[in-house]
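Have a look at these structures, which come just after this line.
Here come two complexes built around subunit A, the first alongside subunit B, the second alongside subunit C.
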Partner chain A sequence: MLVGLVVYVSGHLLGIGYLFFAGYTILQFIVLASAWNILGGYCGYVNFGSAAFFALGAYSTVFFYKFNPLPIPILIILGAVVSGIVGFGMGYLTLRLRGAFFAIATLAMAVVLQTLVVNWSYVGGSRGAYIVRADTVDIGGYTIEYIEYLFLLMMAVAILSIVISRTIARTQLGFGFATIRDDELAAEASGVPTLRLKLIATTISGALMGMAGAPFPYYIGYLQPASAFGLEYGVNSIAMPIIGGTTSWVGPVIGAILLGSLQQIATVTISSAVNLLIVGLLLVAFVVIAPNGLVGLIQDRLRARRDGK
Partner chain B sequence: MSPLLHVSNISKRFGGFVALDGIELEVQPGERLGLIGPNGSGKSTLVNCICGALQNEQGSVHFDGQAVDGLAAHQRTHRGLARSFQLPRPFVSLNLADNLRVPMLYTVHKRSGPLHGDSIDARCVELLRLVGLDHKARHMPRDLTQVEMRKLELARAVAAEPKLLIADESMAGLSHSEIEDILTLLKQLNERGITIILIEHIMSAVMSFSQRLVVLVSGKKIADGKPEDVVKNPEVVRAYLGQ
Partner chain C sequence: MDISFDLLMNAIVAGLLLGGFYAAVTAGVSISFGMLDIVNIAHPAFIILGSYIAYIINIELGIDPIVVSIVMLPAFYVLGTFIYQVYYLSFEKRGQESLRGLAFFFGLLFVTEVLLILVFGVDYRYVEASYIGPSLHLGNVDFPLRMLVPCITALVLFGLLHLFVTRTFTGRAIMAVSQDQLALQLMAADPIRIKRIAFGISIATASIAGALLIIIQPVEPSVGREYIGRVFAICVLGGLGSLPGTLVAAMLLGIMESITSTFYGPSWAPAVSFGFLLLTLAFRPAGLFGR
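Showing the complex of A and B:
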């Protein structure tokens, strides 16, 4: 939050609009990574369909924009509801799948949803949809640039996602999720209602991803299936928690800030085309060197120092 | 006295293989029952059907006077049916105290109402002390020896405050003194009022522990009675030693 405020104040005072564009993207990845981690990190269910939930949020905004334009905060809530319902449905249909089978099912769901959107002309179909936004927005008497407004909204969503992720990790729900990740049979034998918890995880995770996607049409101005269902959302939302560390709430945040910043720097200094290459190389490096991510690496070092090794 | 557990005519198939064939079993409250049989006789399948990890195709399971058929495994645990696993299955990302915290949060909490953090902590320490692992409360399961792992497995099952505990081969691979440790622990738990079904291959342990012995062979119950009588049963001798 502090970093976000520093970025906001710096961008505002120095008049560097790009800071808001870059900051918005990083905050968006914090939401996606934290949301992915609730299902993938806490419960151990790898979701390859993050882009679909993100796109659902984005396309629900397009739908309501054409139907009856609403304020973005309400669109974010609607995006969460739509993606949460689809997340619940996905969880219900794939309850008995584990490991690679669950991952493939989420990938298949993303493909099915993209095909539906491509063929749904009301939301633009394959040709895409334009969203016309104002240049400025008035908040309580203060007029700010629209991108600043979007940045502040995404910062609020990011804070919400971190609070939810952190709260889960420290409560009974977090213990239940950890047992599902470790051993589902033993979890059931200990009284953990694993099916219900998995539904809760898919719903919360899906809803948060939808919240990340809802303001996206206003950010990008022109939404098409290829951008909403982009590979970078699916890959980044997996890579960021893995690089940061999946067993705590802070890992995805660190991973998102690190990878998101690197990608923004690469975009302005080299080309956005190398973004996925950076993600791929770092992912391979971390899987080999630090399979528990940065947080795990630090914890191992601290434990070794404590044990005097 | 009405039985705590009543297994009635249970059958289970895996494809063409008949794992359980019309098993009848009654366990009285407070009893120490030994369940033995050669490998593949259906002991673990029976446990899985009783605990809800597998659904039986025929017959029914009544626990504490109520049918539990169709209930999920966690719901049976909530009713007071707990088990330990043949191969220890600790929650590897949680420390020992947190391993015990899980059944307290999800089973005892649900059955007896909200538990305070302090009372959960105290109960964790008490249980870990009972199994001799209180000094490792903050350790991870990977730091444990084989016998400690099996003790943790039993402690986690007991943390659910069960009426019936099914200990599935809790002593496999242990030394003589370690077996004595586990036997002492199981007897202590029984003295606390927990009914216990012990599944075991180590006959000396089964004989010293059990008040009654049931023998399964090829999915069928071939003997049920006092341990000293059962081991003399010609059918049991044939099943273990051959013709």
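Showing the complex of A and C:
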């Protein structure tokens, strides 16, 4: 974790503006991927509706902005609260469903929420909403570019999400999740309070995704439902943990960094449609060949070497 | 709100015709999800593929799109069997269907859609056919031929599928494989082969559905996404594994969407199907005709 911090801080010191834009996106995906993995990798419940929580975080920012512009850290917390509540609600409605049905229900939920937002003209509906942002920000006497400010904030959120997912994995909560993934019926029969654990998972997952979404309007300046709720976020937040490895907290981070960077490079050099193609192809390839992702491959190699001796 | 009877009748008729079309779109998923328990979330992408193939051949050679789709049936069937083979080898053997299988098809959805974007671009495409303009008029109610022909084709498709599933050995084997795979093996039928045939048929229906789609509306690659929810909503509503149920559910959904569109505005229409899906899943997961 400290290593991550050092890496990011050194990235911050480089002066190239675009790096911050790209870096913001990657950090955002780290949060989304880690958040997805809490429900998907640890508990085994595939959530196709990640975009909805992300977009809710973004739209709650827009909503409060229309009242009275608030500083972003508060907006992030608000976004987390909103998405967390929705996560809880979604969990309550859908967690009784088994695997495939749950996934489809999450997709359905995302579209219903999208339709609600499209029809809600206070936040701009399908016209979209503009957010004007300042060029620079003063923090404690230093004046920095706005995008650097966003980058730092996102970094904080990313570190927070990594810490959360790491902590969960090592505590009782994480073991509970793992039992749900492996055999829910047996877990239930052994006295694990599966419904409560699953609700915790969806709430945390949703809240983190909302946090990722909250600064988004400031980052991009113009928000519209079609892109905010787009399936692109959904597929990315599934592909990154799967490619990186769903079984540990490292997987989503690696997946997000690799896939995010790849997509940024592709967007800049080839075209922006191709990056989705890359995501799709990699997803299919990894799901078929390496179900446990890169982390799984490395673990297998380490284990083989250990056993070989 | 003053509800004019004519408007209501037209909305209902439009809904019925639309529902027939939705049934054709869902037929494939009814087989793959209802009978084989394979969540082929990429089915709409294959439908769009069918639409584009119908479009190209219609533009180049001027052949009617439905005819094109019938000619393309074998190709789609083969594609279906191939995909099933990959799916089977990667997932069903290892018993990890749920997460990996979903992710696999999700990835496939994206790959197909993006390939179509790269090849064809995002312009809307539409076909020319003799029945796209005119409508029949019965009293104050319109029956646009553009919707009527696909609806009739869809009903024919359903009739054929139903006959196949109830009268032929392979068809009954497909129903059997969803109920009890071991018993099927004891009856000297290879369940893997049966499932492969079924999935092939499922994708083949996408070919026809694609042609119908491009008759009804202009198509561009991301149109498929709207159908993901509709298709699964209809499947679940109708009851998994029941073809008649799927037909009824499709009609119901068509009518509901049409009425919502007409009286409340088209921007609410997607919420209808997905919302209904959620309600069904929450209260009656077995659907109307479920086993």
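Things to note:
The rule we apply is simple: the second predicted complex is superposed on the first by the 294 of 309 C-alpha atoms of A that agree within 3 Å, B and C clash if a C-alpha of one lies under 4 Å from a C-alpha of the other, contacts with A are read in each partner's own complex, and residues count from 1 in each chain.
Simple rule for what comes next: a residue touches a chain if its C-beta (ideal position, glycine included) is under 8 Å from a C-beta of that chain, and two chains touch if they have at least 3 such contacts.
For clarity, every value in this text was computed on a predicted model and none was experimentally measured.
Considering which of subunit B and subunit C touches more of subunit A, the answer is C. By the touch criterion defined above, A:Pro73 lies against neither subunit B nor subunit C after alignment on the C-alpha atoms of chain A. Once the two complexes are laid over each other on the shared chain, residue contacts for A:Leu195 go to subunit B alone; subunit C is not touched. In the superposition on the C-alpha atoms of chain A, no part of subunit A is touched by subunit B in one complex and by subunit C in the other. Per the touch definition, subunit B reaches subunit A in the complex via residues 51-53, 72-75, 77-78, 82-83, 85, 89-94, 98, 101-103, 105-107, 109-110, 156-157, 159-160. Looking at the complex, you find that subunit A touches subunit C at residues 40, 44, 46, 48, 93-94, 97, 99-101, 103-105, 107-109, 111-112, 114-116, 118-119, 126, 231, 235, 238-239, 242, 246, 273-274, 276-277, 279-284, 287-288, 291.
Against subunit A, in their complex, subunit C makes its touches with residues 33, 37, 39, 41, 86, 90, 94, 96, 98-100, 102-104, 106-111, 113-115, 117-118, 225, 228-229, 232-233, 236, 265, 267-268, 270-271, 274-275, 277-278, 281-282, 285. Residue ranges of subunit A in contact with subunit B, taken from their complex: 172, 175-176, 178-179, 181-183, 185-195, 247.
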